[in-house]
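Every chain is named by a letter (A, B, C, D, E, F and G) in the order it is written, and numbering of its residues begins at 1.
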Amino acid sequence: MAESKLEIQMLHDRLLVKAVPDKSERRSSAGLVIPDTVKLATRLAWGEVRGAGTGARHVKTGDRVLFDPEEQGEVELNGERYVILRERDVHAIANEAPERGTGLYL
Amino acid sequence: MAESKLEIQMLHDRLLVKAVPDKSERRSSAGLVIPDTVKLATRLAWGEVRGAGTGARHVKTGDRVLFDPEEQGEVELNGERYVILRERDVHAIANEAPERGTGLYL
Amino acid sequence: MAESKLEIQMLHDRLLVKAVPDKSERRSSAGLVIPDTVKLATRLAWGEVRGAGTGARHVKTGDRVLFDPEEQGEVELNGERYVILRERDVHAIANEAPERGTGLYL
Amino acid sequence: MAESKLEIQMLHDRLLVKAVPDKSERRSSAGLVIPDTVKLATRLAWGEVRGAGTGARHVKTGDRVLFDPEEQGEVELNGERYVILRERDVHAIANEAPERGTGLYL
Amino acid sequence: MAESKLEIQMLHDRLLVKAVPDKSERRSSAGLVIPDTVKLATRLAWGEVRGAGTGARHVKTGDRVLFDPEEQGEVELNGERYVILRERDVHAIANEAPERGTGLYL
Amino acid sequence: MAESKLEIQMLHDRLLVKAVPDKSERRSSAGLVIPDTVKLATRLAWGEVRGAGTGARHVKTGDRVLFDPEEQGEVELNGERYVILRERDVHAIANEAPERGTGLYL
Amino acid sequence: MAESKLEIQMLHDRLLVKAVPDKSERRSSAGLVIPDTVKLATRLAWGEVRGAGTGARHVKTGDRVLFDPEEQGEVELNGERYVILRERDVHAIANEAPERGTGLYL
C-alpha cells in the first residue's frame, strides 16, 4: 500500500505511547500471587514514547514513561495499538542519561 | 433550492469535523476481534476538519484530527453529519507537512 | 393591551434566542431514520438571536446560533418561547457576512 | 409594633428579590398546555429587586430581573417572602431605560 | 470555675454566630402553613455575630447576619451553641447604620 | 528504647494536633440530650497543636484549634494518636494572648 | 542479569517511596485494639523516599514521609513494590536534621 502522505503530529503536551507488556506479577510480601481482581493501589505501567507534542518539556521520543493505564485514550495505527498520554500525567521516565537519576534501573 | 445566504462560521476554538469511518477492528495481541462491548480504554477516532474558529491555533480546515468521539455535539448540515470539537480536545493531527511529525502515517 | 414601559435587556454575555424548528431527521449512513430515543451524541440546534448583552463579543441580534438545547433556561415573552444562552456556549453562528466563513450554508 | 432599628443591607453582589407571579402557562406550539411535571428546560421567573449589595454593577432596586427560581435561598421579612440572588445569576433585567434594550417588553 | 485563660479568636474571615430563633412560619400566598418537609427553596436564618476574624471586611461583632443554616459547623461554648460561618457565605446583615440600607427592617 | 534520630517536621501549612476530649453533650434548647446519630450540623472539635509547618501563619505549637474532626488524616506516634490538619481548615484558635479575642473563653 | 541501561528519573514533584511496615495497632483510649474495618479517620503511613523529581522542594532521597496510602499509584521495580506520591500530598517528613522539628521522633 503506497505510503499515505498524511504524517501524524501530537498536539500540545500529548504523547503517543506504545505500552510495554508487564512481566511482573503482584506478589504479597509472603510471596502469594495477588490476582488483579484484588483492588489494590492503582498498578502503573511502562510504555515507550513514539511521538511527543511541541508542548512536551521533559519527555522525548524513545523514552520509557511510567503512567496509569486506566481510562486512557487508545488509537490503532498500522495494526499497532497506542495510548495517548499528557506529559503532566507521566510519573517517571527511564532513559540512558536522565537529568536526575534515582540509581534504580528498569 | 437557491443557495441560502447564511454562511456558517465556527466560534472561538471550535472545529467542524466530518468523522472518517474506522475500518480497523480491535484485535487482542492474539489476533482475536474484541467486540466494542468490552470496556477497554476509550477508542479515539479520526475526522476531517471542515471549519475552524478564529481561536484555533494549530488546526486548520483540511487537517485530519484524532479525538474522543463519545459525548460530542453533533449537527446535520445539508444531509451530512458533523461533530463539533474544541481544539484543546484534539490529541493529534495528520497532514502533509506537520511542524513536528512522528514519522507515523495515517 | 397598552405597551408596558419595562423594556428587556440581556445581562453580561447572555443571548435571548428563538429556537428554529429542526426539519432534519436523524438518518444512519444507510438512510434509516434514527429515533431520538437512541442516545447518540448530543444533537445541537439552531436558533435566532433576538437580544444580546453588552458582554457578547461575536454574536449580534439577527444571527443564527448553534447550541445544545438540553438543560437551557427558558422564558415566555408575549406568548413566544425563548431560550437563554451564554455566548461562550455557542458553537457556531450563521449570517450573511461572517468574519471567517466555512463555505457551508444553513 | 415599633419600627425595629435594625435595617437590612445586602452583602457583595446579592439581591433581595420579590418573586412576581407568572400568569403564563406553558403551551406547546400546537397550543396544548404543558403541565409543569413534564421536565422541559428550566422555566425562568421574573421578580422585582427590593435591595442590592454594593457589589451589584448592573442591577438596582426597582428593576425586574429574570432568574432561575430553583434552589434559591429564601427569607421571610415582615410577612413577605423574598428570594436572595447573586447578580451574576441574573439573565436579564427590565426597566424603563435599559442601556441596551432588546425591543421586547415585559 | 475560675475563668480559663484561653481566649478564643476566629481565623481568617470566619464568624462565630449565635442563631436567632425564627418565629415566622412558612405560609403559601393562600395563607396555608407549609410544613418544612415540603422541599421548597432553602430557608435562610438570622443569627447574631459574637466574634469575627481579622479577614472579615463587612461584618462585625453585634451585627445580625442572614445565612443558610444547613451543613454549617457547630460548636458549644460554655453551654451555648454557635454556628461558624465564612463572611463570603453571608447574604445580608442588619444593624443600626448600614452603609447601603434597603429600607427594610428586621 | 534509644531515642530514634529521625525527628518529625510538618510540611507546608500542616498541623500536628492532639484531639482534646469533648465533655459537652448536645442538648436541644429544651435540655434533651441529642444523640450523635441525629444528623445535625457538623460538630466541631478542639485539639492542641503539637507541631506546625513553616507555612502556618496564624497558628503555633501550644495553641488550641477548632476543627471538623470528620475525614481527617490520623497518625500514631509513640502510642499517642494525632490528627493532621491544614491551617486553612482551622476555624478558630484559643490561647492566652490572641491578636483579636472574642471575649469568649475555652 | 546485565544492568539495564535505562535509569529511572521521577518527573516534576513526584516521589518514589518504599512503604515502611506499620507495627502500631489502633487502640481506643481504653486500650481495645480497633480492627481496621472500623471506618475511622484515614490512617496515614510512613515510607522512605528512594527518588525525587526536580520539582520536589522540601523532600529528598532518604527522608521518611507521612502520607495517605489509599488510592496511590504503585509500581514494581526489581521485585520491590513502591508507591508514587506528589510532594504536595506529603503531610510530614522525618530525618536527622529537620529545618523546623516538632521535638517528636519516629
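The rule is simple: a contact is a pair of C-beta atoms (placed from the backbone, for glycine too) under 8 Å apart; a residue touches a chain by one contact, two chains touch by 3 or more.
To keep track of the chains, here are their UniProt names: A, B, C, D, E, F, G = 10 kDa chaperonin.
Bear in mind that the values here come from a model prediction, so they are computed numbers and not experimental data.
Steps from chain A to chain G, taking the shortest chain of touch contacts, total 1. The geometric centre of chain C is 53 Å away from that of chain G, both derived from CA atoms.
Chain F has its Cα centroid 43 Å from the Cα centroid of chain A. A straight line joining the Cα centres of chain D and chain E is 24 Å long. Annotation for chain G: no residues touch two or more other chains. Starting at chain A and stepping first to chain B, the touching chains follow one another round the ring as A, B, C, D, E, F, G.
Those residues of chain B lying in contact with chain C across their complex are 3-12, 14, 16, 50-51, 53-54, 61, 69, 71-79, 83-84. Partner chain E is touched in their complex by these residues of chain F: 24, 26, 40-44, 58-59, 64, 66, 68, 87-88, 90-106.
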